[in-house]
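Okay, so chain A shows up in both of these, paired with chain B first and chain C after.
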Partner chain A sequence: MSKLPGLGLVSLYVIHTIIFWLYPFLWGVVIAFKRWNIISPEKEFIGISNFIGVLYDPLFWISFKNSLYFMAVYVPLSIVSALGVALLLSRIKFLQSFFAVGYLMSYISAGVAYSIVFSLLFSGDGLINTWLSKINITIPWFSDPDIAMASIALIVVWKYLGYYSLIFLAGLQAIPESLYESASIDGASERVKFFKITVPLLNPSFTIVLVFAVMLSFNIFTEPYMITGGGPLDSTQTFVMQIYHQTFTALHAGYGSSFAIIVAAISFLFVFAIRKTVERDMA
Partner chain B sequence: MIVIRDKKLKKHSHTIRMVVIYTLLGLGLTVMVFPYIWMILASFKIPSEIYNRFFPSRFTLENYEMMFSAGQGGSDNLFIRSALNSLVVSSIATFSVVLIGSITGYALARLRFFGRDFLNNFVLFQMLFPAILFLIPRFLLMLELGWINTYQGMFSPFMVSAWAIYLYTQFYKTIPQELIDAARIDGCSELRIVFSVMLPLSKSVTAIVAIFTFMSTWDEFLWYIIVTKDYDLMPLSALLGLFTRGEYNSYPGIQTAGAVILTVPILILFFFFRKSFSKGITMSGIKG
Partner chain C sequence: MKNRLTAGFISIMLCAVFLSCGSEENEAGSKGIEYWTAPSIELSRFEKQVVDKWNSTHQETQIDWKTIPAGNTSEEVILTAIATRTGPDVLSNVFGGFAAQLADAGVIVALDTLPGFWDVAENRKMANIIRNNWFYKGHVYVMPIYVNPEMVWYNEKMLDKFGITELPRTYSEFFRLLEKVCIPNKIYGLTADVSSKWYRRWFDYLTFYTSASGGEQYIDVDENEVFLDSKYGIAVTEFFFRLFDEGYAPRFEIQDGFEKGVFFASIKGAGSTVRIKKLYPDLKYRIALMLVPDDYPEDKPIYTLAESKGMVLFESSNNKDKAWEFMKWYFSGEHDSLWIALTNYLPAREDLTSNPIFTRYFDDNPTAKLYADILDFTVPLVLTAKTVEIQTSLNRELWQPIIFGTKSPVQASRDANIAIRRILKSGPQVIN
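== the complex of A and B ==
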């Protein structure tokens, strides 16, 4: 065989990657060290000033804090509910795939569409509050700065619940039944079996769900942009909203780029930390 | 005696457990599906009933009529146009991701050439980089190419997917060498082998790659609002998002009708290809 066909076949991928991946990536790094407003041809090299500027930007820290708040609600709630659904699904045979598909339905809703739905459903005088008011409760879901981010986390939990459940379900189905049987013979209770067999053997699923959830927490944009626009009182500002605003409204392309690099570095660090602390070698 | 009662008791408690499990699953499913049902009902309500009633007192099509009559100059309908824009952008991206994914996957899995191992690793390496790193420089690239406000500006970054290449590469490693050899003896070129041997054998991978690519490019929002300027060029997600924040801010009826139009095509895809959706998710779970 000649060596040409192989190179010929990968050429489309290689060309596209150079133009739309490698070149933009390098360019992004270069302009992060420049002051540039997109419109003017002038690009001034300013060293690491942009990076320092980001670290002194109060909105960077507000967004960081908001992301952590989002994560603190989103991660435990998703994991507990998705694992719960997966455990229930793993115990049934009849209608199992019907329920699995039903729970997955929310995953396919477009960001814009479900943001519209929940913003109306959870609005001050919306249906949920109309129902809650019958027991004399109304919750200012998106208008109270203390809970707006938690409300957004809640609707994202809705979206990904079925998705994470499926990952857990696949993990549960990979655990050999014989382990549970021999534990039963040894007289282990359900509780012991859950913590000594299920949880440790589900480690790969836990790791992947955690990594997905943390990456999502740092990259959230459509929901706060559509529902709250970052408010009230900046309580739902996120990194991506800041990068969008700095670059496309304020036209600070260099600043936006250095912001994006810092955000990418933060999510790398978090993912690395999860892999170090949560992930166990299964071999 | 005691043994028999014990068995009965066990059977009894098993039934109770099953009832509890199905009830919990049913309740959960109701909560999960509720927003969809509410959305569809709301889109047929008169606006005053959207906030405080679950069932409409009467059904109306006025939300859809208003949405579909929105246009600039009256002749052009914005929402129908934007749905077509979405269809064009997502279809081209999907077609290209499948095509380049399978061709590249075949070369990486089955051919020997200089740089193959490097490329195999590079595909994995690419998947580690978050999209946010590319947002600004890709926009600048579009400026430089003069592709702002064009179709190619919208779909060009999405034409190749490292994830798709990875899936195809993994799958093509499992196909028996005899099939490839037989095709070569028949005089097939390598490209022919991809199209007449490999792709027909990889329908399940292709279904997964195609539906996930179509869905993600259909739902994409941020890139489209950055790269388009004119309403009549925007995909549906961008137009609906911007109108909801702007002109239609106080028209919840039109917003929900728009949300229905944005959701239904993917919902139909989902019901036809639900197995591929589940499989795609499980595979990504195992891969990580």
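== the complex of A and C ==
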């Protein structure tokens, strides 16, 4: 009987998972093999045709290319900036939590709200360009196909900066101070200590942040959807935008579902590869 | 024993969750007729008055009125509501293409099968509008509420500054004026939306196509034909290509550019006047017919595209008869003078300029009268369930490449033609 309260508490989570994760997931797999327009009760089984259709869809490959571009900008930038902030936070002796929470504010702000704010700030006649115009520079942040995705990556870096910083900060705090003291006695420079102690021992944090950042690169939606709508010239089309468009606008729910499954598989492969190549056993 | 207890606990929790969902649904069903309208301040002001009036005189059938919940487009919100069985009985603000999607899915009622439909249409003087514009696969699924034709607005201050008294009619005349008025990167010629939002093409490219072609549609849904590579389509594409290429339209968004005096001209519907009066009371403008290609016949009237929206009744409604009674009352015609006064959208009626109930409004609002005068030369939106796919493709193959100059006008027109024809024939994907 002593286990009952615990099981009771766990059951809430289990029920939540069944209703909001397992059931939609299984349903998604089922409809991926069907032609269904969401609003009609009729569903026609069409085998793997939806999956073949996705692989022949030019927008799938455009979204794939855009996701890689986003990843190329976002991943290094977010890791470097978050690590920098974490190193600064680790040196603060007073009010460390206050500053850490301050950085988290961007993470908890609503995606739609800050997307609108950024789209106004960075628009052709927005505040940023008004300032820049004083030195005769105008940057078409979201309207130039070559830089629109990079501009969106910058916004997402801002959003996740605090979250990733906290992960790095936790990693930094887990490194024993004695290692740095020993290195100092041996005459190691700050640079050597950083690359020989900090970076190797932060491997678990690097792995987590890298996995999160790569997964996010395949799941990016709110910012491009709200700010650019996938344009200009499809340069900010993403997988999830296509899944959403196919499912809820074009009413091809089966197609959207198969799209989602393929994207999930790609995302899983990337995460698997990262863990294989980056993750080290710290035990 | 422990396992049984655990299993029992989980079962109770599951039952509680499902039962709570069910009870919520029953509760919603008992509220009467759920009626959703567009989330606009002006429209809501009208709807509130009308619903209050109905509710005060129909105690047995109360209307539970709500504005459509916030979302990117009303259509996406409605679809989500339908899919989750939380949609309304009656919905307004529905455009033809969306109604066609709903009709194909069998979720809305063919209104012409209901008793008294044509009487309502005749009484409100909209029978011909319905016959000409709203038949879809042999039935009428939408009660048209309003029409919103597009015209060209010109900044009066700029016109006066350059002594321009005669407004342009053709593309060449327009570009000649732009050479005078525009200042590179400071004053632009015509607002042309650069976003990828599919519905924005109604208000630029497709309106221009309607005018250039003398009131023709750009596709023939029955024959699966597309005419974007016709001489009209290419003329319109060349017009916009030049507009962007010569810097008369920026390749980025400028919020309220015309209203702020950054643009010389803009395409706007009658409904825009309310917002402009409220937010930009000092803006002075003149309104003219749409621009046409240089070889457009002098004696031919100039047509324009008219967005139109209406009301539908859902098959899922438990109170269809009562909901239909409400719709008949709503479209009795007695609320249209209040509608136009509060919203500035033109009611979908054939007697707007002749019916005395509108005389005072048009006397007070000469701008709206300009729009009412051209109603005979308006073309409705194409009624097809593939509207979103078609206009998404138009964006992708023609509009965006023209903005950035990555395709020639001829190539863009041809590519769009091929892509849209493929959608009409089989859909955008291999299998869907």
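What we mean here is this: the second predicted complex is superposed on the first by the 254 of 283 C-alpha atoms of A that agree within 3 Å, B and C clash if a C-alpha of one lies under 4 Å from a C-alpha of the other, contacts with A are read in each partner's own complex, and residues count from 1 in each chain.
As a working rule, contacts are C-beta pairs under 8 Å (C-beta built on N, C-alpha and C of every residue); 3 or more make two chains touch, one makes a residue touch a chain.
No experiment lies behind these values; they were computed from the predicted model shown.
> Would you check which partner chain A:7 touches, where first means chain B only, second means chain C only, and both and neither mean what they say?
both
> Which partner does A:231 reach: the first (chain B), the second (chain C), both, or neither?
In the superposed model, A:231 contacts chain C only, not chain B.
> Going by the contact rule set out at the top, does A:40 touch chain B (first), chain C (second), both, or neither?
second
> Which partner does A:125 contact after superposing on A: first (chain B), second (chain C), both, neither?
Both partners, chain B and chain C.
> Of the two partner chains, chain B (first) and chain C (second), which one does A:215 touch, if any: first, second, both, or neither?
Once the two structures are laid over each other on A, A:215 reaches chain B alone.
> Regarding the shared-chain residue A:252, is it in contact with chain B (first), chain C (second), both, or neither?
In the superposition, A:252 touches chain C alone.
> Looking only at contacts as defined up top, I'd like to know whether chain B or chain C touches more of chain A.
Per-residue touch count on chain A favours B.
> Based on the superposed arrangement, let me know which partner A:260 touches: chain B (first), chain C (second), both, or neither?
First partner only, chain B.
> After the superposition on A, what does A:182 contact: first (chain B), second (chain C), both or neither?
neither
> Using the superposition on chain A as set up above, list the residues of chain A that contact both chain B and chain C.
Common to the two interfaces on chain A: residues 1, 3-4, 7-8, 12, 14, 19, 38, 120, 123, 125, 225, 229, 248.
> Which of the residues in chain A end up touching chain B in this complex?
That would be residues 1, 3-10, 12-14, 16-17, 19-21, 23-25, 27-28, 31, 38, 85, 88-89, 91-92, 95, 97, 99-118, 120-121, 123, 125-127, 130, 158, 161-163, 166-167, 170-171, 204-205, 207-208, 211-212, 215, 218-219, 221-222, 225-226, 229, 239-240, 243-244, 247-248, 253, 256-257, 260-261, 263-264, 267 of chain A.
> How about chain C: which of its residues touch chain A in the complex?
Where chain C meets chain A, its residues are 2, 5-6, 9-10, 13-14, 17, 72, 75-76, 79-80, 82-83, 101-102, 104-107, 185, 194-197, 250-255, 257, 262, 388-389, 392, 395-396, 400-401, 403-404, 406, 428-432.
> Provide the residue numbers of chain A that touch chain C in the complex, in ascending order.
Chain A residues touching chain C: 1, 3-4, 7-8, 11-12, 14-15, 18-19, 35, 37-40, 46, 49-50, 52-54, 56-57, 120, 123-125, 138, 140, 142-145, 225, 228-234, 245, 248-252, 254-255.
> Using the touch definition from the top, list the residues of chain B that touch chain A in their complex.
Residue positions touching the partner: 17-18, 21-22, 24-25, 28-29, 32-33, 35-36, 38-39, 42, 50-54, 100, 103-104, 106-108, 111-116, 119, 122, 126, 129-141, 143, 156-157, 159-160, 165, 189-191, 194, 215, 218-219, 221-222, 226, 237, 240-241, 244-245, 252, 255-256, 258-260, 262-263, 266-267, 269-270, 274, 277-278, 281-282, 284-286, 288.
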